[in-house]
C-alpha cells in the first residue's frame, strides 16, 4: 500500500475524519436506495475545474462525465464504444436526470491544442488530435481570425465548443424528445479558473453571461 | 438565468463565499502557470463517488476522467473518437502525471447492467450495452457462478473490471514504457459507498486491501 | 508427567491461578446442575479461530463442534458414525439450544485444499479429500473462475461453504421443524484472522456483513 | 444483524476491545505465515470444557477437534465422510503437530447416555446412539458392574473411553509410524468440571494422575 500516492492517502484520511463523519448517513442511504442525481454534468478532465468543487455538491447530487474539453460527440448508433454517449444514455434513460450541463472552462488544454497550427501528435496514436476533430471545422474558423488575440481566440473557441456539444446533445433522439416535452433542460456553463467566475449560457441569445459572484 | 438549476446556483454561491476565498491565489496561480496534476484518476460518473471528495483534493491536484464503470478500452489507434484514450494520452504525454488510479466503487450501475441476464437496451442506440461489452467476457464468467450471491458477484465483477482496465492501460505503448521505466505507477482502488471504505489493489497479489480508516 | 506438553502444563497453571479462581463457583454449579448452553457453534479446528476466544465466552455458554472447515454433512440416517450429526442431535434435542452458528474463517486450510487443482491426498486414506467432497461441486464452480484472484476465490468459497452447511443443517427434520416454529435460529458467521473482523450472514440476502468492531 | 445472539455480540466486542488489541500483531502474523500449532487436541463439545480456556491457550497454539465424548473412530479408509479422521490426518500430515491429546471430562453427556440402560434415541436418526456405539462394548462391561455407584461408573467409563480413543488413534498407520519414530506423542487427559482438576494419563500404567493445581 505504501506505494499508493501519499497525497491521496492523506486526503482520504481527511475525508474520513472530516466530511464523511457528517455525511455517513447520507452515504449509507445512497448505497441502500441507489442514486437519484438531479443533474448530469459533462465537464473537462482539467484538474482545476471539478464540478463538485465549483458547485459545492454533496454525494448523490451530480452524475458527472469528464472528458478532454467536455465534449459530446454526435449521435452515432454504430457498433463502437462510445464512452460519453453511454453515460448520457444512462443518465437520461435510467437515472432520468432533469438537467444536463455542458461545462467548459478557461485555459482548456484540449482547446489550446486544436487552435495551435503547429500542434503535433502527442503519441503515434494521436488520440487527442482525433478527439478534438469533433470541433475541427469550428476551430479552423476561429484560427483563421488574425485580429483577435490568442487569448480571445481561446475563450471564443471554448464557448463555441460548448454550443457545439449542446447541438450534438440534441442529435440524440431521446434527449431531443424529452427537452421538447419540457422534461429535460440543457444548459451551457463556462468557469474562469483565473478568478472563479461562472458564466452561464443564455437560452435565447446563446451568449455567456456572468453570474453575480 | 432563473432556469439554471437552483441547487447549482446555491452551491456556486457557497463555493465563492467559502472555499474560493481561501483558494483564490491558488486558482490565480494555476491559471497563469497551467496545471501540473500529480495523478490521473479514471473514475465512474456515479454521483456517489467523486474523486475530489473522496480524496479531499484541491484545485490542480487530480486530472479526472469519468465514464460509466471507470473503464479503459484497449489501445485502438484507429480513426475513431476515443474519449478515454485521448484523456489518457493528454495526462501521460503532456501533463506527465506520475500516477494513474483506476477507481471503481460498490453498487456500480454499469456493472449491475452487464451482470443482469435480463438487461434490455436503454435506448435504440444501446450505448451502455456496447460500452459494457468491454468487460462482457469477464461478466459471463462471473454470471455463470450460481453459488455466490448477487451482491458477491457484483463486488467481484467491480474488482475484476478494475484489473481489466489496468490490463488495457498497459496496452498503450507509452504507458507500458513509462511504467517499465519506473516513471509512472498504475494503481487500482475501490470505494465502498455504503461505509466510506477505500480498498487499494495490492501490486503483487492483485487483491484489494482495505485502508485503515 | 514431564512428557505432557510443557506449554499446556504452564497454561493450565495459569488457568487455575487466574481465571478459575474467579469462576470456581460457576464451574461447581455447572457440574451439579449440568450444562445449558444457549448456542451451538460449528467451527473449524483451526488454531487461530477458537469460538470461546472470539466470543469471549465463559464456561457453560457454547456447545462447540469443531471439524475441518466447519462443515455440516446432509442428513444421512444410515448406520455409520456421524460425528457432527451426533453433536447436532445432542445440542438440539437434548440441550435444546436456541441458536446454531456455522462459523467459518479466512485462510482455511480445508477450503484451500478443495480449491487446489493439484492437491494430492495427505495419506493413503485421503480422509481430507473425502471430507471436503462435501463441497466439491461448489468448489469446482469457484475454481473454474479464472479472473478472480486466488484470495478472492478462497474467501468466496469459505462463504459459499458456510451457506452450504446451513442448507445441510435444514435437511435435518428436527432442525427444520424447530426453525420453522421459531424455536431455533440458524446463523452464518465468518472470522477474518488477519484483522479480527467478524462478518455475519444476513438472513435475507445471504451476504456476509461486517460487524462494527 | 440484530438477530445474531446478543451474548455473542457482546462477547465479540469484549474480545475486540480487550484481548485482540494485545494480540493484533500475533493474529496478523498468523494470517500471513499460516498456523503451526504444536498440539492437536481431541476434546468434547461440552460447553464446560473448552481446551483454550483450560490451557489458557493463545491463537495459533492448539488445533482442536471437538465431537461428542472426544472420541476417535478406528482407521476406516472407505469412501465415507470421516470428520475426525480428516482432522487427524490434516493435523499430523500437513501441520505436523508434535503432540496429540485426547481430553475427556467429568459429567460427559455422551458417556452418560451410553451407560444409561433406558436411553432412548433422541431423534429418529439416532445419531448419538450410533456415534456412542464406538464404545458400546466397553460400556456394556461397565454397565454390568452393579457394585460401583453411578458416578463411579461414569468416571470409569470416561477414562476407559479416552484409552479406547488412544487405541484407535494408533490404528492410523501414519500416527503409529510417527509415534514409533519418536516424532509424535499421544497423551490422555481428563478434566474435572466440578473442581477444575486436570488428570493426565500415565504412559506406563495408563492410570490418570492428578496434576498439582
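Think of it as A, B, C and D in the order they're written, each chain with its own count starting at 1.
In this text, a residue touches a chain if its C-beta (ideal position, glycine included) is under 8 Å from a C-beta of that chain, and two chains touch if they have at least 3 such contacts.
Keep in mind the model is a prediction, meaning the values are calculated, not measured.
When each chain is reduced to the average of its Cα atoms, A sits farthest from subunit D. With each centre defined as the average position of its C-alpha atoms, the distance from subunit B to subunit D rounds to 54 Å.
Taking each chain's centre as the average of its CA atoms, subunit B and subunit C sit 40 Å apart.
Between the Cα centres of subunit C and subunit D there is a gap of 15 Å. In subunit C, there is no position where the chain touches two or more neighbouring chains simultaneously.
Taken as a graph of touching chains, this assembly forms an open line, each chain in contact only with its neighbours along the path. Shown are all chain pairs that touch, namely A-B, B-C, C-D. Interface of subunit C with subunit B (complex): residues 138, 141-142, 144-152, 156, 159-160, 163, 205-207. The part of subunit D that touches subunit C in the complex is made up of residues 1, 3-5, 7-9, 11-16, 18-20, 24, 27-28, 30-32, 34-35, 37-39, 45-48, 50, 52-57, 59-68, 71, 73, 75, 77, 79-91, 93-94, 98-99, 101, 106-107, 109-110, 122-128, 130-134, 172-174, 185, 187, 189, 192-196, 198, 200, 202-203, 209, 211, 213.
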